[in-house]
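A short worksheet on the structure shown next.
Every chain is named by a letter (A, B and C) in the order it is written, and numbering of its residues begins at 1.
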(Lines give C-alpha, C1' and ligand atoms only; values in the text may rest on other atoms or scores of the structure.)
Protein backbone atom coordinates (compact mmCIF):
# COMPACT_ATOMS: atom_id res chain seq x y z
CA UNK A 1 0.00 0.00 0.00
CA UNK A 2 2.84 2.31 0.98
CA UNK A 3 4.54 1.44 -2.29
CA UNK A 4 1.41 2.21 -4.29
CA UNK A 5 1.18 5.57 -2.54
CA UNK A 6 4.76 6.50 -3.33
CA UNK A 7 4.27 5.52 -6.96
CA UNK A 8 1.20 7.73 -6.99
CA UNK A 9 3.11 10.64 -5.41
CA UNK A 10 5.95 10.10 -7.86
CA UNK A 11 3.58 10.26 -10.81
CA UNK A 12 1.97 13.40 -9.36
CA UNK A 13 5.39 15.03 -9.07
CA UNK A 14 6.36 13.97 -12.59
CA UNK A 15 3.00 15.17 -13.83
CA UNK A 16 3.25 18.63 -12.33
CA UNK A 17 6.92 18.87 -13.30
CA UNK A 18 5.96 18.09 -16.86
CA UNK A 19 3.30 20.78 -16.87
CA UNK A 20 5.75 23.46 -15.71
CA UNK A 21 8.24 22.30 -18.33
CA UNK A 22 5.57 22.46 -21.03
CA UNK A 23 4.60 25.98 -20.01
CA UNK A 24 8.19 27.19 -20.09
CA UNK A 25 8.80 25.57 -23.47
CA UNK A 26 5.72 27.06 -25.14
CA UNK A 27 7.85 29.46 -27.15
CA UNK A 28 11.39 28.09 -26.87
CA UNK A 29 12.61 30.30 -29.73
CA UNK A 30 11.06 33.55 -28.51
CA UNK A 31 13.45 36.50 -28.75
CA UNK A 32 11.01 38.96 -27.21
CA UNK A 33 8.53 38.39 -24.40
CA UNK A 34 5.79 41.00 -24.08
CA UNK A 35 3.02 41.35 -21.52
CA UNK A 36 0.19 43.59 -22.73
CA UNK A 37 -1.98 45.15 -20.01
CA UNK A 38 -5.64 46.05 -20.38
CA UNK A 39 -7.29 47.78 -17.41
CA UNK A 40 -9.41 50.41 -19.18
CA UNK A 41 -13.14 50.09 -19.93
CA UNK A 42 -13.14 51.69 -23.42
CA UNK A 43 -14.05 49.21 -26.19
CA UNK A 44 -11.48 50.84 -28.52
CA UNK A 45 -8.79 49.75 -26.05
CA UNK A 46 -9.89 46.14 -26.56
CA UNK A 47 -9.41 46.52 -30.32
CA UNK A 48 -6.08 48.28 -29.76
CA UNK A 49 -4.60 45.63 -27.46
CA UNK A 50 -5.57 42.87 -29.92
CA UNK A 51 -4.14 44.90 -32.83
CA UNK A 52 -0.86 45.31 -30.95
CA UNK A 53 -0.72 41.54 -30.29
CA UNK A 54 -1.32 40.87 -34.03
CA UNK A 55 1.35 43.41 -35.00
CA UNK A 56 3.85 41.73 -32.69
CA UNK A 57 3.20 38.31 -34.26
CA UNK A 58 3.49 39.83 -37.73
CA UNK A 59 6.69 41.75 -36.96
CA UNK A 60 8.65 39.03 -35.14
CA UNK A 61 6.98 35.85 -36.42
CA UNK A 62 4.76 33.64 -34.27
CA UNK A 63 7.62 31.55 -32.83
CA UNK A 64 9.91 34.46 -32.06
CA UNK A 65 7.67 36.44 -29.74
CA UNK A 66 5.83 35.35 -26.59
CA UNK A 67 2.76 37.50 -25.90
CA UNK A 68 0.49 37.40 -22.86
CA UNK A 69 -2.46 39.75 -22.37
CA UNK A 70 -3.34 40.41 -18.72
CA UNK A 71 -6.74 41.98 -17.94
CA UNK A 72 -7.80 43.51 -14.65
CA UNK A 73 -10.25 46.17 -13.45
CA UNK A 74 -12.69 47.29 -16.15
CA UNK A 75 -10.30 45.79 -18.73
CA UNK A 76 -11.60 42.34 -17.77
CA UNK A 77 -14.55 42.91 -20.12
CA UNK A 78 -12.32 41.96 -23.06
CA UNK A 79 -12.36 38.41 -21.69
CA UNK A 80 -16.13 38.15 -21.05
CA UNK A 81 -17.69 35.20 -22.88
CA UNK A 82 -19.98 37.44 -24.97
CA UNK A 83 -17.35 40.07 -25.87
CA UNK A 84 -17.49 40.97 -29.59
CA UNK A 85 -13.79 40.16 -29.95
CA UNK A 86 -14.09 36.49 -29.02
CA UNK A 87 -13.31 35.44 -32.61
CA UNK A 88 -10.05 37.39 -32.60
CA UNK A 89 -9.19 36.00 -29.15
CA UNK A 90 -9.66 32.49 -30.57
CA UNK A 91 -7.39 33.23 -33.54
CA UNK A 92 -4.70 34.81 -31.35
CA UNK A 93 -4.85 31.87 -28.92
CA UNK A 94 -4.22 29.63 -31.92
CA UNK A 95 -1.07 31.67 -32.57
CA UNK A 96 0.13 31.13 -29.00
CA UNK A 97 -1.04 34.38 -27.38
CA UNK A 98 -2.13 33.81 -23.75
CA UNK A 99 -5.02 35.55 -21.99
CA UNK A 100 -4.96 36.01 -18.21
CA UNK A 101 -7.91 37.26 -16.16
CA UNK A 102 -7.52 38.78 -12.67
CA UNK A 103 -9.29 36.71 -9.97
CA UNK A 104 -9.58 39.75 -7.68
CA UNK A 105 -11.52 41.58 -10.40
CA UNK A 106 -13.70 38.51 -11.02
CA UNK A 107 -14.49 38.35 -7.27
CA UNK A 108 -15.25 42.09 -7.16
CA UNK A 109 -17.60 41.84 -10.16
CA UNK A 110 -19.30 38.74 -8.69
CA UNK A 111 -20.24 40.80 -5.61
CA UNK A 112 -21.96 43.40 -7.80
CA UNK A 113 -23.55 40.99 -10.31
CA UNK A 114 -24.59 38.37 -7.74
CA UNK A 115 -22.69 35.75 -9.77
CA UNK A 116 -19.27 35.38 -11.41
CA UNK A 117 -19.08 36.85 -14.94
CA UNK A 118 -18.84 34.18 -17.65
CA UNK A 119 -15.38 34.24 -19.17
CA UNK A 120 -14.02 33.36 -22.59
CA UNK A 121 -12.85 29.74 -22.48
CA UNK A 122 -9.36 30.87 -23.56
CA UNK A 123 -8.95 33.15 -20.54
CA UNK A 124 -6.97 31.68 -17.64
CA UNK A 125 -7.75 33.11 -14.19
CA UNK A 126 -4.65 34.38 -12.31
CA UNK A 127 -4.51 35.27 -8.61
CA UNK A 128 -4.14 39.00 -9.22
CA UNK A 129 -3.55 40.73 -12.54
CA UNK A 130 -0.82 42.99 -11.17
CA UNK A 131 0.98 40.06 -9.50
CA UNK A 132 0.92 38.13 -12.78
CA UNK A 133 2.43 41.17 -14.52
CA UNK A 134 5.23 41.34 -11.94
CA UNK A 135 5.90 37.59 -12.27
CA UNK A 136 6.19 37.97 -16.04
CA UNK A 137 8.47 41.01 -15.71
CA UNK A 138 10.71 38.89 -13.45
CA UNK A 139 10.83 36.31 -16.27
CA UNK A 140 12.08 38.95 -18.72
CA UNK A 141 8.77 40.11 -20.19
CA UNK A 142 8.48 43.79 -21.13
CA UNK A 143 5.25 45.46 -19.98
CA UNK A 144 3.39 47.56 -22.57
CA UNK A 145 -0.05 49.08 -21.99
CA UNK A 146 -1.60 49.99 -25.37
CA UNK B 1 33.02 79.82 18.30
CA UNK B 2 34.51 78.19 15.20
CA UNK B 3 34.50 74.88 17.05
CA UNK B 4 30.83 75.28 18.01
CA UNK B 5 30.04 75.98 14.37
CA UNK B 6 31.79 72.86 13.13
CA UNK B 7 30.03 70.75 15.77
CA UNK B 8 26.77 72.24 14.57
CA UNK B 9 27.62 71.52 10.92
CA UNK B 10 28.71 68.01 11.87
CA UNK B 11 25.38 67.36 13.62
CA UNK B 12 23.53 68.77 10.60
CA UNK B 13 25.41 66.38 8.33
CA UNK B 14 24.80 63.42 10.64
CA UNK B 15 21.16 64.44 10.90
CA UNK B 16 20.55 64.57 7.18
CA UNK B 17 22.56 61.38 6.69
CA UNK B 18 20.34 59.66 9.22
CA UNK B 19 17.22 60.81 7.38
CA UNK B 20 18.43 59.37 4.08
CA UNK B 21 19.32 56.13 5.82
CA UNK B 22 15.87 55.97 7.44
CA UNK B 23 14.18 56.51 4.08
CA UNK B 24 16.19 53.75 2.43
CA UNK B 25 15.43 51.37 5.29
CA UNK B 26 11.67 51.93 5.24
CA UNK B 27 11.06 48.48 3.81
CA UNK B 28 14.33 46.61 4.39
CA UNK B 29 12.69 43.23 3.64
CA UNK B 30 10.92 44.29 0.44
CA UNK B 31 11.29 41.75 -2.38
CA UNK B 32 9.36 43.82 -4.87
CA UNK B 33 9.38 47.59 -5.36
CA UNK B 34 6.50 48.98 -7.40
CA UNK B 35 5.78 52.54 -8.50
CA UNK B 36 2.15 53.04 -9.51
CA UNK B 37 1.46 55.98 -11.83
CA UNK B 38 -1.76 57.98 -11.95
CA UNK B 39 -2.01 60.69 -14.59
CA UNK B 40 -5.60 60.23 -15.78
CA UNK B 41 -8.59 62.33 -14.63
CA UNK B 42 -11.20 59.52 -14.41
CA UNK B 43 -12.37 58.87 -10.85
CA UNK B 44 -12.47 55.10 -11.54
CA UNK B 45 -8.71 55.26 -12.11
CA UNK B 46 -8.32 56.58 -8.56
CA UNK B 47 -10.21 53.57 -7.22
CA UNK B 48 -8.23 51.24 -9.48
CA UNK B 49 -4.79 52.51 -8.44
CA UNK B 50 -5.72 52.19 -4.75
CA UNK B 51 -7.14 48.68 -5.37
CA UNK B 52 -3.89 47.66 -7.05
CA UNK B 53 -1.88 48.99 -4.08
CA UNK B 54 -4.11 46.99 -1.68
CA UNK B 55 -3.77 43.86 -3.83
CA UNK B 56 0.01 44.18 -3.78
CA UNK B 57 0.07 44.43 0.04
CA UNK B 58 -2.28 41.45 0.29
CA UNK B 59 -0.32 39.31 -2.20
CA UNK B 60 3.22 39.95 -0.95
CA UNK B 61 2.62 41.02 2.67
CA UNK B 62 3.12 44.56 3.91
CA UNK B 63 6.84 44.17 4.67
CA UNK B 64 7.73 42.39 1.45
CA UNK B 65 6.59 45.01 -1.04
CA UNK B 66 7.46 48.70 -1.31
CA UNK B 67 4.75 50.69 -3.08
CA UNK B 68 4.83 54.35 -4.08
CA UNK B 69 2.01 56.08 -5.95
CA UNK B 70 3.13 59.01 -8.11
CA UNK B 71 0.48 61.45 -9.36
CA UNK B 72 0.90 64.04 -12.09
CA UNK B 73 -1.28 65.83 -14.63
CA UNK B 74 -5.01 65.34 -14.02
CA UNK B 75 -4.11 62.34 -11.84
CA UNK B 76 -3.08 64.77 -9.08
CA UNK B 77 -6.76 65.00 -8.08
CA UNK B 78 -6.40 61.72 -6.19
CA UNK B 79 -4.20 63.61 -3.72
CA UNK B 80 -6.48 66.66 -3.27
CA UNK B 81 -7.42 67.21 0.38
CA UNK B 82 -11.15 66.76 -0.30
CA UNK B 83 -10.83 63.68 -2.54
CA UNK B 84 -13.36 60.99 -1.58
CA UNK B 85 -10.56 58.43 -1.23
CA UNK B 86 -8.75 60.22 1.62
CA UNK B 87 -9.77 57.50 4.09
CA UNK B 88 -8.21 54.79 1.92
CA UNK B 89 -5.09 56.94 1.42
CA UNK B 90 -4.78 57.20 5.21
CA UNK B 91 -5.09 53.42 5.62
CA UNK B 92 -2.58 52.68 2.86
CA UNK B 93 -0.14 55.23 4.31
CA UNK B 94 -0.43 53.31 7.59
CA UNK B 95 0.66 50.21 5.65
CA UNK B 96 3.73 52.00 4.32
CA UNK B 97 2.46 53.05 0.88
CA UNK B 98 3.92 56.44 -0.16
CA UNK B 99 2.10 59.16 -2.09
CA UNK B 100 4.06 61.60 -4.26
CA UNK B 101 2.56 64.69 -5.90
CA UNK B 102 4.17 66.43 -8.90
CA UNK B 103 5.23 70.03 -8.10
CA UNK B 104 5.05 71.02 -11.79
CA UNK B 105 1.39 70.00 -11.85
CA UNK B 106 0.73 71.84 -8.56
CA UNK B 107 2.31 75.00 -10.05
CA UNK B 108 0.29 74.62 -13.26
CA UNK B 109 -2.97 74.21 -11.34
CA UNK B 110 -2.12 77.18 -9.08
CA UNK B 111 -1.91 79.39 -12.17
CA UNK B 112 -5.44 78.38 -13.20
CA UNK B 113 -7.00 78.36 -9.71
CA UNK B 114 -5.24 81.49 -8.45
CA UNK B 115 -3.93 79.48 -5.49
CA UNK B 116 -2.24 76.14 -4.88
CA UNK B 117 -4.65 73.19 -4.56
CA UNK B 118 -4.89 71.88 -0.99
CA UNK B 119 -3.27 68.46 -0.82
CA UNK B 120 -3.84 65.40 1.35
CA UNK B 121 -1.43 65.63 4.30
CA UNK B 122 0.01 62.23 3.33
CA UNK B 123 1.05 63.45 -0.13
CA UNK B 124 4.70 64.47 -0.46
CA UNK B 125 5.48 67.01 -3.21
CA UNK B 126 8.24 65.88 -5.61
CA UNK B 127 10.04 68.11 -8.12
CA UNK B 128 8.43 66.46 -11.16
CA UNK B 129 6.30 63.33 -11.21
CA UNK B 130 8.11 61.86 -14.20
CA UNK B 131 11.53 62.54 -12.68
CA UNK B 132 10.46 60.81 -9.45
CA UNK B 133 9.33 57.80 -11.51
CA UNK B 134 12.72 57.64 -13.25
CA UNK B 135 14.55 57.93 -9.90
CA UNK B 136 12.51 55.04 -8.52
CA UNK B 137 13.10 52.94 -11.65
CA UNK B 138 16.84 53.53 -11.18
CA UNK B 139 16.42 52.17 -7.62
CA UNK B 140 14.87 48.95 -8.96
CA UNK B 141 11.19 49.88 -8.85
CA UNK B 142 8.95 48.48 -11.58
CA UNK B 143 6.55 51.01 -13.12
CA UNK B 144 2.92 49.97 -13.51
CA UNK B 145 0.12 52.30 -14.63
CA UNK B 146 -3.26 50.80 -13.65
CA UNK C 1 33.50 48.37 -64.36
CA UNK C 2 33.83 45.86 -61.50
CA UNK C 3 36.09 48.33 -59.74
CA UNK C 4 33.58 51.14 -60.14
CA UNK C 5 30.90 48.88 -58.70
CA UNK C 6 32.96 48.02 -55.63
CA UNK C 7 33.76 51.69 -55.06
CA UNK C 8 30.04 52.37 -55.28
CA UNK C 9 29.22 49.56 -52.81
CA UNK C 10 31.98 50.79 -50.51
CA UNK C 11 30.54 54.30 -50.52
CA UNK C 12 27.04 52.89 -49.87
CA UNK C 13 28.39 50.97 -46.88
CA UNK C 14 30.29 53.99 -45.59
CA UNK C 15 27.22 56.09 -46.15
CA UNK C 16 24.85 53.88 -44.23
CA UNK C 17 27.46 53.30 -41.55
CA UNK C 18 27.78 57.04 -41.13
CA UNK C 19 24.01 57.44 -40.78
CA UNK C 20 23.82 54.86 -38.01
CA UNK C 21 26.75 56.49 -36.26
CA UNK C 22 25.10 59.90 -36.50
CA UNK C 23 21.84 58.57 -35.07
CA UNK C 24 23.61 56.96 -32.12
CA UNK C 25 25.60 60.12 -31.43
CA UNK C 26 22.57 62.41 -31.37
CA UNK C 27 22.75 62.75 -27.62
CA UNK C 28 26.21 61.42 -26.70
CA UNK C 29 26.00 62.87 -23.17
CA UNK C 30 22.51 61.58 -22.35
CA UNK C 31 22.26 60.03 -18.89
CA UNK C 32 18.62 59.07 -19.27
CA UNK C 33 16.83 57.76 -22.35
CA UNK C 34 13.03 57.94 -22.22
CA UNK C 35 10.44 56.75 -24.72
CA UNK C 36 7.04 58.39 -24.20
CA UNK C 37 4.04 56.50 -25.59
CA UNK C 38 0.83 58.09 -26.85
CA UNK C 39 -1.93 55.73 -27.95
CA UNK C 40 -5.01 57.46 -26.48
CA UNK C 41 -7.37 59.73 -28.44
CA UNK C 42 -7.99 62.37 -25.72
CA UNK C 43 -6.59 65.79 -26.64
CA UNK C 44 -5.50 66.36 -23.02
CA UNK C 45 -3.17 63.37 -23.42
CA UNK C 46 -1.46 65.21 -26.28
CA UNK C 47 -0.84 68.20 -24.00
CA UNK C 48 0.31 65.91 -21.19
CA UNK C 49 2.84 63.96 -23.26
CA UNK C 50 4.35 67.22 -24.57
CA UNK C 51 4.42 68.66 -21.02
CA UNK C 52 6.26 65.56 -19.79
CA UNK C 53 8.81 65.90 -22.61
CA UNK C 54 9.35 69.58 -21.66
CA UNK C 55 9.70 68.70 -17.97
CA UNK C 56 12.33 66.08 -18.81
CA UNK C 57 14.38 68.60 -20.80
CA UNK C 58 14.05 71.14 -17.97
CA UNK C 59 14.96 68.65 -15.22
CA UNK C 60 17.95 66.95 -16.85
CA UNK C 61 19.09 69.56 -19.38
CA UNK C 62 18.68 69.18 -23.13
CA UNK C 63 21.96 67.28 -23.64
CA UNK C 64 21.55 64.92 -20.72
CA UNK C 65 18.25 63.29 -21.69
CA UNK C 66 17.23 61.57 -24.92
CA UNK C 67 13.46 61.67 -25.47
CA UNK C 68 11.46 59.97 -28.22
CA UNK C 69 7.68 60.15 -28.48
CA UNK C 70 6.09 57.14 -30.20
CA UNK C 71 2.46 57.45 -31.38
CA UNK C 72 0.20 54.61 -32.45
CA UNK C 73 -3.53 53.88 -32.53
CA UNK C 74 -5.68 56.95 -31.87
CA UNK C 75 -2.58 58.62 -30.38
CA UNK C 76 -1.32 59.20 -33.92
CA UNK C 77 -3.51 62.31 -34.07
CA UNK C 78 -0.84 64.21 -32.14
CA UNK C 79 1.34 63.95 -35.24
CA UNK C 80 -1.30 65.00 -37.80
CA UNK C 81 -0.18 68.01 -39.86
CA UNK C 82 -3.06 70.19 -38.63
CA UNK C 83 -2.84 69.23 -34.93
CA UNK C 84 -3.01 72.31 -32.69
CA UNK C 85 0.25 71.32 -30.99
CA UNK C 86 2.41 71.58 -34.13
CA UNK C 87 4.17 74.66 -32.75
CA UNK C 88 5.20 72.82 -29.60
CA UNK C 89 6.28 69.80 -31.67
CA UNK C 90 8.52 72.14 -33.70
CA UNK C 91 10.07 73.61 -30.54
CA UNK C 92 10.65 70.20 -28.96
CA UNK C 93 12.19 68.89 -32.21
CA UNK C 94 14.58 71.83 -32.01
CA UNK C 95 15.57 70.58 -28.54
CA UNK C 96 16.30 67.10 -29.90
CA UNK C 97 13.04 65.33 -29.07
CA UNK C 98 12.13 62.75 -31.74
CA UNK C 99 8.62 61.94 -32.97
CA UNK C 100 7.83 58.49 -34.38
CA UNK C 101 4.57 57.59 -36.10
CA UNK C 102 3.34 53.99 -36.46
CA UNK C 103 3.09 52.88 -40.13
CA UNK C 104 0.50 50.20 -39.26
CA UNK C 105 -1.76 52.92 -37.83
CA UNK C 106 -1.16 55.14 -40.87
CA UNK C 107 -2.15 52.23 -43.16
CA UNK C 108 -5.25 51.48 -41.07
CA UNK C 109 -6.36 55.12 -41.15
CA UNK C 110 -5.70 55.33 -44.91
CA UNK C 111 -8.19 52.49 -45.45
CA UNK C 112 -10.88 54.44 -43.60
CA UNK C 113 -10.05 57.91 -44.99
CA UNK C 114 -9.39 56.75 -48.55
CA UNK C 115 -5.96 58.45 -48.36
CA UNK C 116 -3.03 58.56 -45.94
CA UNK C 117 -3.38 61.19 -43.19
CA UNK C 118 -1.02 64.16 -43.65
CA UNK C 119 1.64 64.06 -40.96
CA UNK C 120 3.69 66.73 -39.21
CA UNK C 121 6.98 67.06 -41.11
CA UNK C 122 8.87 66.30 -37.89
CA UNK C 123 7.19 62.90 -37.49
CA UNK C 124 9.24 59.94 -38.74
CA UNK C 125 7.22 56.86 -39.80
CA UNK C 126 8.35 53.63 -38.08
CA UNK C 127 7.32 50.10 -39.10
CA UNK C 128 5.15 49.52 -36.03
CA UNK C 129 4.86 51.75 -32.97
CA UNK C 130 5.11 48.84 -30.55
CA UNK C 131 8.14 47.40 -32.33
CA UNK C 132 9.89 50.80 -32.17
CA UNK C 133 9.15 50.92 -28.41
CA UNK C 134 10.70 47.46 -27.93
CA UNK C 135 13.77 48.45 -30.00
CA UNK C 136 14.25 51.54 -27.82
CA UNK C 137 13.79 49.52 -24.61
CA UNK C 138 16.52 47.16 -25.87
CA UNK C 139 18.75 50.24 -26.28
CA UNK C 140 18.22 51.20 -22.63
CA UNK C 141 15.23 53.53 -22.99
CA UNK C 142 12.67 53.54 -20.17
CA UNK C 143 9.05 53.44 -21.35
CA UNK C 144 6.64 55.91 -19.75
CA UNK C 145 3.02 56.43 -20.89
CA UNK C 146 1.76 59.78 -19.56
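Of note:
Methods note: contacts are C-beta pairs under 8 Å (C-beta built on N, C-alpha and C of every residue); 3 or more make two chains touch, one makes a residue touch a chain.
Since we're looking at a predicted model, the values are computed, not measured.
Because contacts link each chain to all the remaining chains, their graph is best described as complete.
Taking shared numbers over all numbers used, the chain A to chain B interface scores under half, which places it in the different class. Chain A and chain C carry the same sequence, and matching their CA atoms takes a turn of 120 degrees, rounded to a multiple of 5. In whole angstrom, the spacing between the mean C-alpha positions of chain A and chain B is 31.
The set of chain C residues that touch two or more partner chains comprises 143, 145. Contact residues on chain C toward chain B in their complex (touch as defined above): 32, 34, 44, 48, 51-52, 55-56, 58-60, 142-146. Per the touch definition, chain A reaches chain B in the complex via residues 37, 39, 41, 72-74, 104, 108, 127-128, 130-131, 133-134, 137, 143, 145.
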